[in-house]
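Structure first, commentary second.
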Amino acid sequence: MEPILQVRDMVTRFYSVDGVVHAINGVNFDLYEGETLAVVGESGSGKSVTMMSIVNLIPQPPGKVEGGQAIFSYGEMAQDLLQLSEDEIRHVRGGQIGFIFQDPISSLNPTMTIGSQIAESMTEHLGFSASEARSKTVELLRNVGIPDSERRFNAYPHHFSGGMRQRVMIAIAVACRPKIVIADEPTTALDVTVQAQIVDLVKRLQEQMGVAVVWITHDLGVVAGLADRVLVMYGGTVVESAPVDNLYEDPRHPYTIGLLKAIPRLDATGEAETEELEVIEGVPPDLYQELTLCPFAPRCGYAFDRCWAEVPPLIEVGVQHGAACFYDVERGGPRNGS
Amino acid sequence: MTAATPQVGFDEFEEQTWQKRLAYVGRLLQRDRGGMLGFILFILIVLTAIFAPVIAPHDPLKQNLRAAKQPPAWQEGGSWEQPLGTDTLGRDMLSRIIFGTRVSLTVGFFGVLIAGTLGMVSGLVAGYVGGRVDGAIMGVVNIFLAIPYLVFVVVVAAILGRNLLNVILIFGITDSPIFARVTRGEVLRIRESGYVESAVSAGASTGRILFDHILPNLIGPLITLATFEMSAMIFYEAGLSFLGLSVPPSVPSWGNMLQVGRQYLTIYPWIATWPGVAIAITALTFNLLGDWLRDVLDPRLRRSRK
Amino acid sequence: MQRYLLTRVVQSLFLLLGVLIVVFFLVRLTGDPTSLMVAKEAPAEQREAFREAMGFNRPLIVQFLDFGAGILRGDFGDSLHFRQPALELILERLPATFYLATVALLLAIVIAITIGIIGGSNPGSAIDSLGRALGLFGQTIPNFWLALILILIFAVNLGWFPSFGRDTSISVVLPAVALGFGSMGQLVRLTRSAVLEIRNEDYIRTARSKGISQFKIGARHVFRNASLALVSVISIQYSYLLGGSIYIETIFSWPGLGNLLQQAVDGRDFPLVQAIAFFISFFVIALTLLTDVAYALIDPRIRYSS
Amino acid sequence: MVVKEEVEVIKEVEKEVIQTVEVVKEVEVEKIVEVEAPDVPKGELIVSVSTFPNSIYMPNAAERNASNVANQIWEGLTWVNDDGEVVPALAESWEISEDGTEYTFKLREGVLFHDGTPFTAKDVVASWEAGKDPSNAYAYNAEKAKAVEVIDDYTVKMTTEAPDPLFLRSTLSKDWAMIPAAYYEEVGLEGIEKNPVGTGPFKLIEWVKGDRIALEAFEDYWDEGLPKVAKLTFRPIPEEATRIAAVQTGEIHIANRLPADEAQRLLGVENVKVVRYPSDRVYYISFNNLTSGIGTPIEDKLVRQAFNYAIDREAIIDALFNGYADLSTGYITPGNLGYDASIEPYPYDPDKAKELLAEAGYPDGFEIGMACPTGAYTNFEQVCEAVGGYLNDVGITFEGGEIQFMESGQYWDLEANKELPPLFGDSWSTTDGEAYNRLQGALGADASYAAWNTAELQDYIDRIGSTVDDVERGKLYSELHKIMYDDPPFVYLYEPNTFEAINTAVQNYKPRAAEDYFLKEVFIAGAE
């Protein structure tokens, strides 16, 4: 199967008062049609910036995408999103790639009715008339589980609870039936009870529409039941990429291993396991420095001289499984050729 | 925070040593060229005011009517003895401009000090106590805001008479409602934020809450406002002079000089030009400084950057 | 909403009453207009007779009650100087001032919003620099100075506009520019900083993520939210403009209220000062009320929650 | 007493004044096409006034700008012509009784008011009654007549309490406006003020407050062939710079009251000529011996002389009036009756001033209070500053460290209550051609604004006020001039010149030293 999106060697930097922030340092990944890809990492790891960079959503200045490719293919068409003009890329945004953001409170315009905020992208990309857009929107609102949607069209965001607003956000994201939806920690700001509903909603819509979902999260815990594949990011690089089951059972990067040990697991009875959670020692990398070594080396128990000298590339360690590490955890020593 | 936008790092700012802070301020200034310019000009203006008697080549009040209306040195008939020329009574323009800095800064500084103190106290009380007290204080504030500024100023000037102290008092009084409004708004905002609530629930005394939680948060917006109001007062002073109600004509204030020079604008343009330039530069300085301070100190902007 | 409106109207009425009281007593603190009204050569008896005839020798409180009762009848007293009902004089002059201030404000708003939004959306661009320059110069050039320069250039040298009066439809241009320049500067700054702030709001990112064109984001999302910031200061700007009209109307000989107010204050024409102060306050208060309502209309959060 | 005698004496004096009206800049001669006045009123004359007239009814017109508008609409029984002669206006002739308190006027026949009613004796009575209504600011002018009686339709008799030398010249020529009795009865004082109906050469079309006062030629005006312009519009422009701009652009024809320096700017402008003439206004620093000055050094004559020597008034005039003002020698000015031309202004002699101070017992000077008004007169704040500087030079310092500057309204309050410091600046003008009003007002025992009075001065003032004979009065004035020079109650400063800029198309315009306009003979070259 051909990937719908192929990202290669993408580099993004921010130029700030205090220096240059090397936010993304050569990211590679593929996204396949209809799949769910989870992107995991702590804050500052570059998971959001990666997705924003693809569709030119990072604030410019200070941000700048400085290299790489993002080939977006659907049907016969294949184009490098990074080469498109703002006017071209904006038709991809919203039209082909939808976004769900973390905070549904601040992400909706407080001075516009939710209906018009949804209908807006339909008129923009699908060329709907106002009344067409309106009826489609009402339908869509119903579909995302907002009762009395006819009347709610004219409601303002502040009339809605957080969960309801996130449903509106989701409606906005899928309004034009995009090929890809990027969900940027869509449940983080919500109550636990609502979180599950939102996850279910996204899954249902994904099945209905056959859309690929990129689910950005810092919480490996929620990924298991959700994703097909997982991308682990650290210091602006992809450190491990694997099908979800593979990753949980056979993590190959020391950072992933550390992350997994830090997750409280619930067993079948709902009791927390008694074994102690581990914490990864040390601090996240200083992004003001240009990356010349493995970003995880300072915190890594396995780091050896090569790790301090060059940046490890993503190495094929299994079927669809890559890890950016010179150390072979399985074998317990430097990887062959290292 | 979704995008890893680099932060200017205010949160760390609080914990750093003063050297680091200074270096940090330096970096901020470096980045904002306007702020840098404002900062440098501000220092220069303050130094000029402090050292006026040392810098000024002549006594600003010394008249020489036989040498009146001499043009600046580089124009025909001018001399380097009076580099910027002389006014209608033959006084040295340069020295008067230099001493005028003192008047303007004094009016601006003390005017804002009075307005700020009055406004802050009433705004604090109104915002913090709330209820009827709030209603009463803001009622008075609104009455003062609704009365045409000129009526107010003219009447107060007429009652008090013309001198520097009175001009300061007038500006202090007429400008205080703005400070009161801003203070009250900030207090309400801060009160609603979580940390005051938690301090109250932790049993902190009113004084403690005011001094530890509310005042520190007020300083930023108020200093920014004060900077802009100082610039405004230098303007008001010129306006009062236009109406003949500012400091006595003998005081070398820029407003007075501009007012006298206005009628000679086309024949002896330098008489009005220099004070005009001085007012413009000073106003520019305070505005640049204010813009910069707002960017650096305003918590709302800080928040929105995240 | 209706309750909100009703409360605001009642509040405004109280405010107006407060203004009346303050203005009445303040004006009387300046003394008695007899010296200004009666000829210097007039014998002392005539001075007394005049005082008697005008009722200035009655207790203040009686004068005030009389004044209050008059207002309820729609009688603001007669102008001492012009010897006709103050209300009549004001109504004659009001349209001119209203027209000038409105044109000045509209001019300022249109230019400020255009430059502010375009500039703020493209920081560092040429239009943004223009906006920043306008913002600074608006704060640094005294409006009466600008007025004189405009007359020299555009009336005398180029002959494009009349130098004074309100004779033709283009007569308003120069005074409106001179009057509105300062406001334009402030509004440009305000719009620009509001736009810069809004640009960083999450909902703008949402709008961008929807692929809405830059223009539509500006027109729909940014404008609407930025106008909240503008609407809240429009009543303040309008009262500034009414204040500034005193200088501008005098210089351009514009037949308005500002002009009249200056004369009335100068001549201690109590009934006229009171009436003008009352009317200007009335407008400012009414405008504040209107902008608050407009604010509530634009910002749905207020409409329902207060 | 014979009227003609009176006229002659004054004629001499006034001629001098008129001659000093000077065209600062004439247009090149060949450009002036010889123009003749039109037979019928043509064109529009636009005149600026420097304030907003408060009323265009004489008894309430607060100052010169207002009365200049009124002058075109109303007329008195007499008129002072351009040569300073009292000539018939609405009265054709008059006789004065032996004791000088009874006047019998023969009224001009065939005069019509703007509403078409003829002017007769009962209208004079109505005018008197309307004028002395106590709500009028200048009611005391009408009260100068104790009785006004109708003898027949065209004969009126007036009685004054005592002989009044200014009754014909001042009161009846410019302080009273003749109004139609029937109209007055119908509309009252308020109606008269609002919709004036006079006998003057122009009648009011509309008064747009703050904008314009528009008049048009009155076609039934009694003086055949006048006025010459069809429309006369007054535009109030308080800002000097704007008046100058407007006369340059041709938006107005006559710009009045221009500062000397600004007027210079117009010298290069093609369509404008600049005229200047002295105005009868004395600027001075007054001494006080009635209240605040009692017990201070200024009671000493030598000190007061010293002050007059201490100030370089020529330098002040050069610096602040571009040289265009006359040094003052006293309260009686060159245009006034009884002016003694042999009196030289005090020279600038600081050494002499110090000597005099030492002689008076103040070799190191002394401290004294001084005040000046602000916003009242052109450049007067600066004049006061300069005076202060010169006084400092001879050792005089001021209480509180500096001159007290006060807003003019407050200032005049204090002045009227005699509460100003021992030294204070002010000015006093007169339009009568003689100084009586000014003398009585500033020195009279019972005058509100007087701060100085001596028995000798009072005696002169009383005698002048009751001497109807002009020659006699002139002598008294001359003596007083000398006395007030030697023992000065004032520091005499200057009498400024007035500048006007006039469009070159304006013909036959004759500015007068009293700054009063009578525009019925003015016409505009090439008007259609």
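Note that the chains are named A, B, C and D in the order they appear, and that numbering of residues resets to 1 at the start of each chain.
The rule is simple: a contact is a pair of C-beta atoms (placed from the backbone, for glycine too) under 8 Å apart; a residue touches a chain by one contact, two chains touch by 3 or more.
A quick note: this is a predicted structure, and the numbers were derived from the prediction, not measured.
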Suppose you hop from chain A to any chain it touches, then on again the same way; how many hops at least until you reach chain D?
-> 2
Please flag the chain sitting at the greatest distance from chain C, going by CA centroids.
-> A
Most central chain, judged by mean Cα position vs. mean of all protein Cα atoms, is C
Name the chain pair with more contacting C-beta pairs, choosing from B-D and B-C.
-> B-C
Counting in whole Å, what is the centre-to-centre distance of chain B and chain D, each centre being its mean C-alpha position?
-> 46
Rounded to the nearest Å, the gap separating the Cα centres of chain B and chain C is 23
Cα centroid separation, chain A vs chain C, in Å, comes to 53
Between chain C and chain D, tell me the centre distance in angstrom, where each centre is the average of that chain's C-alpha atoms.
-> 39
Please list all residues of chain C that touch 2 or more other chains.
-> 30-31, 148, 152, 200-201, 205
Would you please write down the residue numbers of chain A that are in contact with two or more other chains?
-> 59, 101
Going through chain D residue by residue, note those that touch at least 2 other chains and give them in order.
-> 241, 375, 409-410
Could you please specify the touching residues of chain D with respect to chain C in the complex?
-> 51-52, 54-55, 60, 62, 134-135, 137-140, 190, 193-194, 208-212, 235-239, 241-242, 245-246, 248-249, 251, 375, 408-410, 412-413, 415-416, 428, 437, 440-441, 446-449
How about chain B: which of its residues touch chain C in the complex?
-> 2, 34, 139-140, 142-152, 154-156, 158-159, 231, 235, 238-239, 242-243, 258, 262, 265-266, 272, 276, 279-281, 283-284, 287-288, 291, 294, 300-301, 304-305
Of all residues in chain B, those that touch chain D in their complex = 61, 63, 65-66, 68-69, 88-90, 157-158, 161-162, 243-245, 248-250, 260, 262-268
How about chain C: which of its residues touch chain B in the complex?
-> 14-16, 18-19, 22-23, 26-27, 29-31, 132, 135-136, 139-142, 144-145, 148, 152, 189, 193, 197, 200-201, 205, 239-240, 242-243, 246-247, 261-262, 265, 273, 276-277, 280-281, 284-285, 288
In the complex of these two chains, what residues of chain C are touching chain D?
-> 30-44, 46-47, 49-50, 53, 81-84, 89, 92-93, 96, 148, 151-152, 155-156, 159, 162-166, 250-256, 259-260, 263, 266-268
